[in-house]
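Below you'll find the structures, each written out as structure tokens.
Both of the next two complexes hold chain A, though its partner changes from chain B to chain C.
Showing the complex of A and B:
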């Protein structure tokens, strides 16, 4: 029983990070129909900037978080403002825009390596202490609690923003029917900028909270990006709740494969070593059975 | 109030409007009639600044509209209820109306009051206020689209085929609403294929064919015009063929 709780808790912690990244994908997709493949690099930049500010410049934690989040949001804003908007003005196709984000991902990866370091093991200390907390026989570190709490608060604020603020509602309106949104006097370009800023923020937050636990390497953008992308697709691309739910689910699945995979296969295969592969196969299976994702059907149409 | 002179509009290389000139005076209802593909919607899209690849002069009151961005046009009170209604399908009726007043930047309490005013005028919407816009019937969606347009407190309202695809009973409802708006002294530019209905309600009308205005005048005159009768007023007037 205690091992089950252990796997569940660690699944929820990784799942939280996936959920934050998936939400970043979803927000940009909803407002522009673009899949932003630089989303994983926002996570990397958030983490690396935090290490830099904390370890090399010795800033305190709040300032570190503030600066890292601001810089990453600014990068995300500029990605849209400089690259994507200009391509759109020249009537680029959607596919071209998505390729632009892949280009941006490669560029940001290079920049992270050139400006910072290649050492993958760097990290900064946990937010509060390294103390271990025991829940129902399972052990977690305090940083896990931070990851979970920060994620929940962030998700809650994002939902509040979309459901109860006029800016949030007008962003939904832009996603729902762009022409009508324009005719309401909603500045669609401005809403797109806000979507990118918000996604940058979410990516940076994910990177900052996970780095004390796992460290952050310049080249792990793809890893984080794919996890978040999978969760977003599984959650019926464009559905905020779906993205969060499937992010958590993905984290739990990985944890259970690591925890029970070997036992379930009588130690014939080293299943836990292939958790990525197993989870991806499982995800593909779900998509074959239900191509529209697990959270489709609630919204009527997507214009 | 609205003056347009020698307007030309383009979709890539195709010219959709040629030297269109028209005006709408304060408090007037002006109809724009013409067949499919004549360029009626294009004219409205030019006025609301959704289409910007245009040349010619456009003035709203004393303001030159040539460099106006679409959201600023709404701020000026140019409110366009588009063809095909374009409501927000996954937002509630209430949120659709709320976003209608986006350009006003009012306090939520004022918005609520205004939404209630719309409910008084269009009681059907009150019953459906929590329903997703996309689940309304076509006629209900049209009424929602008009209500949403009114939330912007238009100086001039551009209505694109409000009766399109509606059952006769809903067409009467829609024109009933328009009559009310007329009595309130609202300024409206309405595009219609239902020329008969449009001519009944409008003070003046323009007839457009393949991107050019071919006729204009008071509706009383146009109603008796043989050409109009034949081309736009349809089968009820078949006697003039004899």
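Showing the complex of A and C:
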């Protein structure tokens, strides 16, 4: 039983990380229909900046968080302002814009390597302590609790923002029908900027909370990006609660496959060694059966 | 004004003639392939630093048999296809008489055939035994890093001595880990261990708690983790988080100070087989390697302001073997190869005794079992 609780808790924590990254994808998609493949690199930048401020400049934690989040949101804003906006002015297709974000991802990865360091897996101390918390025979560390709480709070705030503020609603309107939104007097460019700033913030926050636990390497961006993207797609791109739910689900699935995969297949082969493959197969199956994702709402929506 | 102008011109003339002289003088060209950037930069960078330091020292003493050494280093970024391109360039354009490196097992395997076809001596700095076996087909290829096989033998011998029966294997899913896993599995029967879990994990940083929870259920006497940083550091940290007190055995792939930095106090009591560089000061005075190790440590610290690690030693040994062979054989490639094949050399990684059948030349004596105590390496007697 304690093993089951351990798998569940580990899965939920890993899932929270995926969820947080998926939220970043979702926000940009929700308001611009762009899939931002540089999202994983925002996570990396957030983490590496935090290590730099905390470990090398010895700033205290709040200042570290403030600075890292600000810088990453600024970079995200600049990505939109310099690259995306210019392409849009030249009537670029959506696909072109997505490819621009892939280019940005490669650029950011190179910058992270050149400006920071190449050593893999550096970290900074946990927010509060390295204390171990035991729940029903399973152990987690306090940073795990932080990750979980930060994800839920972020989800709550983002949902509030989109559902209950004029700006949030306007952003949704932009994605759903740009022309109509413009006719209603919504400044589409401004909304796009806000979406990028927000997702930059979320990326940075994700990077900052996971680095004390898992460390950060300059080239982890693709890894985190893919996990977050999968969660966002499973959760019906654009659905905030779906992104978080499916992030958690993905994390749990990975943990259970490692924990029970061998037993489930009668020890015929080492299932846990094919964890990624099995999770991807599951995901594809879900998407084949339900291409719109698990959290698709009605297509007609009033915003 | 006029005077200073004249002075300047004279200086220019003298300078250019001197450079011309140097340029005309024949140098001994050796090629080097290291993964200086990229994910495995922590392996390639100390190798590059070590060989650059060594070349400076050799040239300051007048080079090899009066000729200066010119080392042409390319950064493979740990990428096999880039390695092949650079190796071709070294052979065809730079006309080197021998190549040292590459850093990784994967990149080394990518160019072993190239070295054989072009009949150029290659001294790799990577671990996998596949690089040099079978020696009859890998005539031109040698390597300095200790084989995985002897590392496994060293670990198993130690565990057997300590009455350990049930072991769990936890290996990284990359070339280094795969090769280690194969050797670990192959030797199990001979030592009579029972493998109760055999897990692999992604080299990308992930949470290893699920794997470890599964292993915990089976209660092994020891866990053997085979990988390069940062994965093994997370194994140590996660084990601490799960409150596991099982003996954790690491591979020689983590033998650098970075591992202790990454794992913190969670790696206290971990044991690993590693070259004697880590514990050079604590060796007996009679040890053949001691003076070489201490000199390397001192020189490296003076030049770069940090301690060298065993990976730098692999590069150091590769260049020294090449240099020693050229000292004896001159610049004829076939003769260099033959000389290496019969060489005995006391180096950083151990005492090498090459033979036509043995292109690594190290035995398990090259390893010491080292434990981590109070954030530092210490010799386990």
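Definition applied: the second predicted complex is superposed on the first by the 294 of 303 C-alpha atoms of A that agree within 3 Å, B and C clash if a C-alpha of one lies under 4 Å from a C-alpha of the other, contacts with A are read in each partner's own complex, and residues count from 1 in each chain.
In the analysis below, a residue touches a chain if its C-beta (ideal position, glycine included) is under 8 Å from a C-beta of that chain, and two chains touch if they have at least 3 such contacts.
What you see is a predicted model; the values in this text were computed from it and never measured.
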Partner chain(s) touched by A:179 [first = chain B, second = chain C, both, neither]: first
Which of chain B and chain C A:170 touches, first, second, both or neither: first
Partner chain in contact with A:78 - chain B first, chain C second, else both or neither: neither
Which of chain B and chain C A:280 touches, first, second, both or neither: neither
Touching partner for A:13 - first (chain B), second (chain C), both, neither: second
Touched partner set for A:99, first chain B, second chain C, both or neither: neither
Touching partner for A:187 - first (chain B), second (chain C), both, neither: first
Chain A: partner with more touched residues, chain B or chain C: C
Touched partner set for A:61, first chain B, second chain C, both or neither: neither
Partner chain in contact with A:217 - chain B first, chain C second, else both or neither: second
Contact residues of chain A, present in both the chain B and the chain C interface: none
List of chain A residues in touch with chain B within their complex: 166, 169-170, 172-173, 176-177, 179-187, 299-301, 303
In the complex with chain C, residue positions of chain A that touch it: 3, 6-7, 10-11, 13-14, 113, 118-123, 132, 134, 138-141, 213-215, 217, 219-220, 223, 254-255, 258-259, 270, 272-273, 275-276
Interfacial residue positions of chain B with respect to chain A in the complex: 48, 50, 69-71, 73-75, 79-82, 86-91, 95, 98-100, 102-103, 132, 134-135, 148, 152
Touching residues on chain C, where the partner in the complex is chain A: 37-39, 41-42, 45, 173, 198-200, 202, 204-207, 209-211, 213-214, 216-217, 229-230, 233-234, 241-243, 258, 262
